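Consider the two complexes below, in which chain A is the common component and chain B and chain C are the respective partners.
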Partner chain A sequence: MSDKVTITIDDCKITAPEGEKLLWVALDNDIYIPNLCALKEKDRPSASCRLCFVEVKGISDPVTACTLPVTEGLVVKTRSPEVDRLVKTAFELLITDHRLGCKKCPANNSCELQKISKERGLKYKSKRFKPFEKDEPIDESMEQFIFDRSRCVLCGRCVWVDHHVAEVGAIGFSLRGIKRKVTTFGDYDLADSPCTECGECVKVCPVGALSFNE
Partner chain B sequence: MSSDKSAEKYLNLKTKAKEKMESLNEKTVVMVGAATCGKAAGVIDTREALKDEIEKKGIDAQVVEVGCMGFCYAEPIVVISKPGFPSLCYGSVDEGLAVRLVEDYLVNDDPCFEYALVALEPNDYFPVFTDFPRGVYEKKIILEQCGFIDPEDIDHYLAEDGYEALAKTFEIQPEEVIESIKESKLRGRGGAGFPAGIKWDVCSKAQDDSKYVICNADEGDPGAFMDRSILESNPHQVIEGLIISAYAVGASKGYIYVRSEYPQAVRRVETALEQAREKGLLGDSILETDFSFDIEIFEGSGAFVCGEETALINSMEGIMGVPEHRPPFPASYGFRGKPTLINNVKTLSYVPHIIRKGVEWFKSIGTSDSPGTAVFALVGKVEYTGLVEVPMGTSLRNLIYDVGGGVPDEKDFKAVQIGGPSGGCLPESALDIPIDFDSLHEAGAIMGSGGLVVLNEDDCMVEIARYFLDFTQKESCGKCTFCRLGTKHMLDMLGEITRGEGELNHLDTLRELGEDIKKGSLCGLGKTAPNPVLTTLRYFKDEYEAHIKEKRCPALMCMHLLGFYIIPERCSKFCSACVGSCPTEAIYTRDDQLKAIDQEKCVKCNSCLFACPPEFYAVEKLSPAELVEEREREQG
Partner chain C sequence: MLRRNIDVFEECKNKALLKFVIMLGELNCVKEMFLLELLEGEKEFILEQVSEILKNNRTERENLVPLLQKVQGVLGYLPEPAIEKIAKTIDIPAVDVFGLATFYNQLRLNPPGKYQIKVCMGTACHMIGGQIILESFERRLDIVEGETTPDRKCSLERVACVGCCAIAPVVVVNEFIEGSLTPTRVDGILLQFDGDDQEEEAGEQEQEQESEGGQDS
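So, the complex of A and B:
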């Protein structure tokens, strides 16, 4: 097995397997770092949500914890003015592209965005940026679950499990930039795709974009 | 490795090539610049006219298609080498001039000096490159042969010592090659300026049974065309560099990743690869050594982000061209998970020169931390647009005023946008900055891939920033939060400012968000996208403020803040040129027969401004738009 190393996160000494990504070491030790796109089983982190920034001793700019393998003597702070600034901006940006209305959302109280907001004291209303007012039709073609694209944060977890756990390949990313979205081949409803309704994707959705029917 | 044999084999190739070239040079050779740029300027018609006329007159002369010499402003370009005369280069050669050159020069020995731009060899009649400021400041290494050799005939390259560096490489160990590149301090020309030798070293030390080398010719920056030009004008230089890099790191397979929008580059590289294989310079047992290596072309589909190395690899593997987090870097984990060396076209082009002429020679050019030359696509409001190559450390002032001939039409210089869409805009006060990777970075710009746009007083810096950000925002792959959403918010705010709907607090938000996007983005696209905005905010904040506070565009460029006004004192009763030019019938004839504009109908298209004859010069652009009303009121 791999060697153990000792690292320090927010003044706590922690032993962890060498090379494990910092994000998982922290979360396993009940130290919260905001994250949306990370999946432990995924070898190469997608590092796309840009929320898990931490400050590492000896490195000037904040580093994403999901990509940082732990090494002996690593000293990390999960909070710093610079980290907080980046996390705040990333959160604000995501919120401008996310249909709010938590009360009506199936993920209310289990949503990762709510968790980040609570842990870091971040507001749902941005003073700086105007919301994009996303309003896409909801895909209700399936029996087991629905897909509400206006709540999707493009973390890509569903796509990865669809490909690597369910091994179906019903969904993927299409288009680029601000138009990027999770969709089926040909942009059809899920019911007209190879989807088997296994529900793996719903289980990993950090927000209320994919949710089981009551 | 049997280096004696390879040296002998090479010498054989070169001798034959030289003999062929000498016999070619015994008669008149007419070279036409037929890179994509030349063709766009109409060189095909010129070539046909030359050929027809030569045939008609029964002259023993050969017409050869070459690449691009870099004189964009003077295309189509023709070089005539007639025995007994210095080789002369002619600019703007249309069909008529082509016929005349054949008639007067080829038949009658009159070189038509009035149409010549420059002579290629020192002589008693006509100036050469070094007699012009451009020739003094330029130092050509990788562009030297571009436009002077036939890219579709390998013998032209061989006769000019082509592939000698490869033969030399086989005489030394791969480690020694890497050591030379390291010592030369060659830095990557694809944008970031990473030391090539260090990358080669990492890739060479990676333990794996197979490795790849890739030449990055994606060149997605709008306005940049140096890589295309090099591939079209001297493909073997790049191929030789790529083979040497493969030998150095131990790769057996190479790719040239070219965008499919460069069909002529693809064709010329294909031809070059074929000819290199025929000569035993590529493929199994190169130059009869035990080193085997082959190159394939991969045609990319032209997304800017696919020039980023991890996205490039993804796209080659058939998956979506989006970037990945680094490390792992491609040098240790790249194409198909194997160690992969990726270098830019220009980086690889320097390699044969460094091996052949030596590390010290290379280091004697440029600055100590950025040796060698810089290649720029010099465009915008500058007299001599084109491809230029100057030593690193040359000042922006020399580049723009001496090499580029300054700003035309007696306009004032305003800024230079350097480094492509993700570069920065630098003002007059920055013109004495020496061009190299580090000093440009300090000023807020980047070397980038070498786009250089000169802007004058008529360019609005807010609009310029918006224009470049519009490009990067559209080309963002959308994978990561900051770039996908942040650039869109920045773009929206800039749009509001140029429409006169901006607020002063936008400026702080733009700066803060820009800084966060730079720090927070996953790949180089996001990390540099805010540069045009951040530098214009730093150097031209007053223009932003004028848009916001006074609804005024100082450069008279932002349509929403403009009004068009016809000055009655200048307008003529007997002219109605503007009336017909207006697409919306906004111009009407007043009772006194003078013309005026109905502001409600005006779409601010500039048509009347161009239609109004210069002797009247009666149309005036005003900003803020309210000024028009004020003028009208004054007139009563």
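So, the complex of A and C:
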């Protein structure tokens, strides 16, 4: 792992430790690639948000940057028509079932979705998809934070830190397809779960689904 | 020419996607997961059965789905204490087992009712209005799909094709198939349950009376 390799991202020569994932190499060198589900500590990325697509020389289809280990002589382009199309569709689908109203959102100005929208010039209102408003009650049972499921983008960061960093096991994914959501055991309130209010999950939430009370 | 064809194709695809998302928007959300309260003494019975199954099987994470299937095979469903017990034995968070149980259609959290209503949502039934039939049942029974009435009389679920598309929309009640349904017929089916129950009760009473009468003479 200590071997250094040289790669090219958007015509910039970058040296990075071999085997590190491309997404983190790019982000460390101030090259932005949209991402939601990635966590640096996670050995096996879930690659579920489908936002970190890049074009790699020698591979015909765009690849997800969070799963690609860097190797010597890698040539990467972060933008191309194919990449933009994929990212646009993924972003629009995420936005359709995400409750907007950024002014009232606790994550306003720190939201990853806002950042992606700004960086890639993507609009919140999709011409193709009708918004699908989730009608989930807000969980306000905890003292320190609230959980608003209608803002959740199902990135899975909170579930991962809950299981592997905090090692509590209070929240997880349940149901399937369009009904999929982050719940406690039995879909009870967080106050009735083993949650210890450590706040790890709130820190990693990329949007305003989990937010500290002010 | 090619450019125009691509544009037409994109337009059609977008329309199809839009339709799909609108369809998804009409789905209901499940409100509660464990709906029914356990009867007296039921918890002890459940725990006994579950520990029996756990004793006779490998308790590793990769064996979780077969374990859940076995528990459901014995109890008919996966009650809350059973899931908690399994999670504790395998040493994983209960919420993970819960996520798995809600993911698969085969696994159910609510007990099957005396009358198991399965509304067909195959292609033919879906096109001819299976959703309307399902909604009529939901309204009449005051439960949503996947749940059981509090008296455990009726359970409602949606299934894929049952294989008699000619008489769509179809509903299967305890292996008995009803075809060409209308919302009025839904009321009829539910009335029929009451009738069957009353007959059963009357039959039981008669039997009791007969046995009592036999003792007297």
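Basically, the second predicted complex is superposed on the first by the 213 of 214 C-alpha atoms of A that agree within 3 Å, B and C clash if a C-alpha of one lies under 4 Å from a C-alpha of the other, contacts with A are read in each partner's own complex, and residues count from 1 in each chain.
The rule is simple: contacts are C-beta pairs under 8 Å (C-beta built on N, C-alpha and C of every residue); 3 or more make two chains touch, one makes a residue touch a chain.
Worth saying up front: this structure is predicted, and the values here are computed from it rather than measured.
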Partner chain in contact with A:50 - chain B first, chain C second, else both or neither: first
Touching partner for A:130 - first (chain B), second (chain C), both, neither: both
Partner chain(s) touched by A:114 [first = chain B, second = chain C, both, neither]: neither
Partner chain in contact with A:8 - chain B first, chain C second, else both or neither: neither
First (chain B), second (chain C), both or neither touched by A:184: second
First (chain B), second (chain C), both or neither touched by A:163: second
First (chain B), second (chain C), both or neither touched by A:141: neither
Chain A residues touched - chain C or chain B, whichever exceeds: B
Partner chain in contact with A:175 - chain B first, chain C second, else both or neither: both
Common interface positions of chain A, toward chain B and toward chain C: 96, 128-130, 132, 172-173, 175-176, 178-179
Chain B - residues contacting chain A, complex: 303, 305, 320, 322, 324-325, 473-482, 484-486, 488-489, 492, 509, 512-513, 516, 519-522
Interfacial residue positions of chain A with respect to chain B in the complex: 44-51, 53, 61-62, 64, 67, 82, 85-86, 89-90, 93-94, 96-97, 128-130, 132, 154, 172-173, 175-180
Residue ranges of chain C touching chain A (in the complex, touch as defined): 14, 17-18, 21-22, 24-25, 27, 29-30, 32-34, 80, 83-84, 92-96, 98-99, 102-103
Interface residues, chain A side, partner chain C - complex: 96, 128-130, 132-136, 163, 168-176, 178-179, 183-187, 193-194
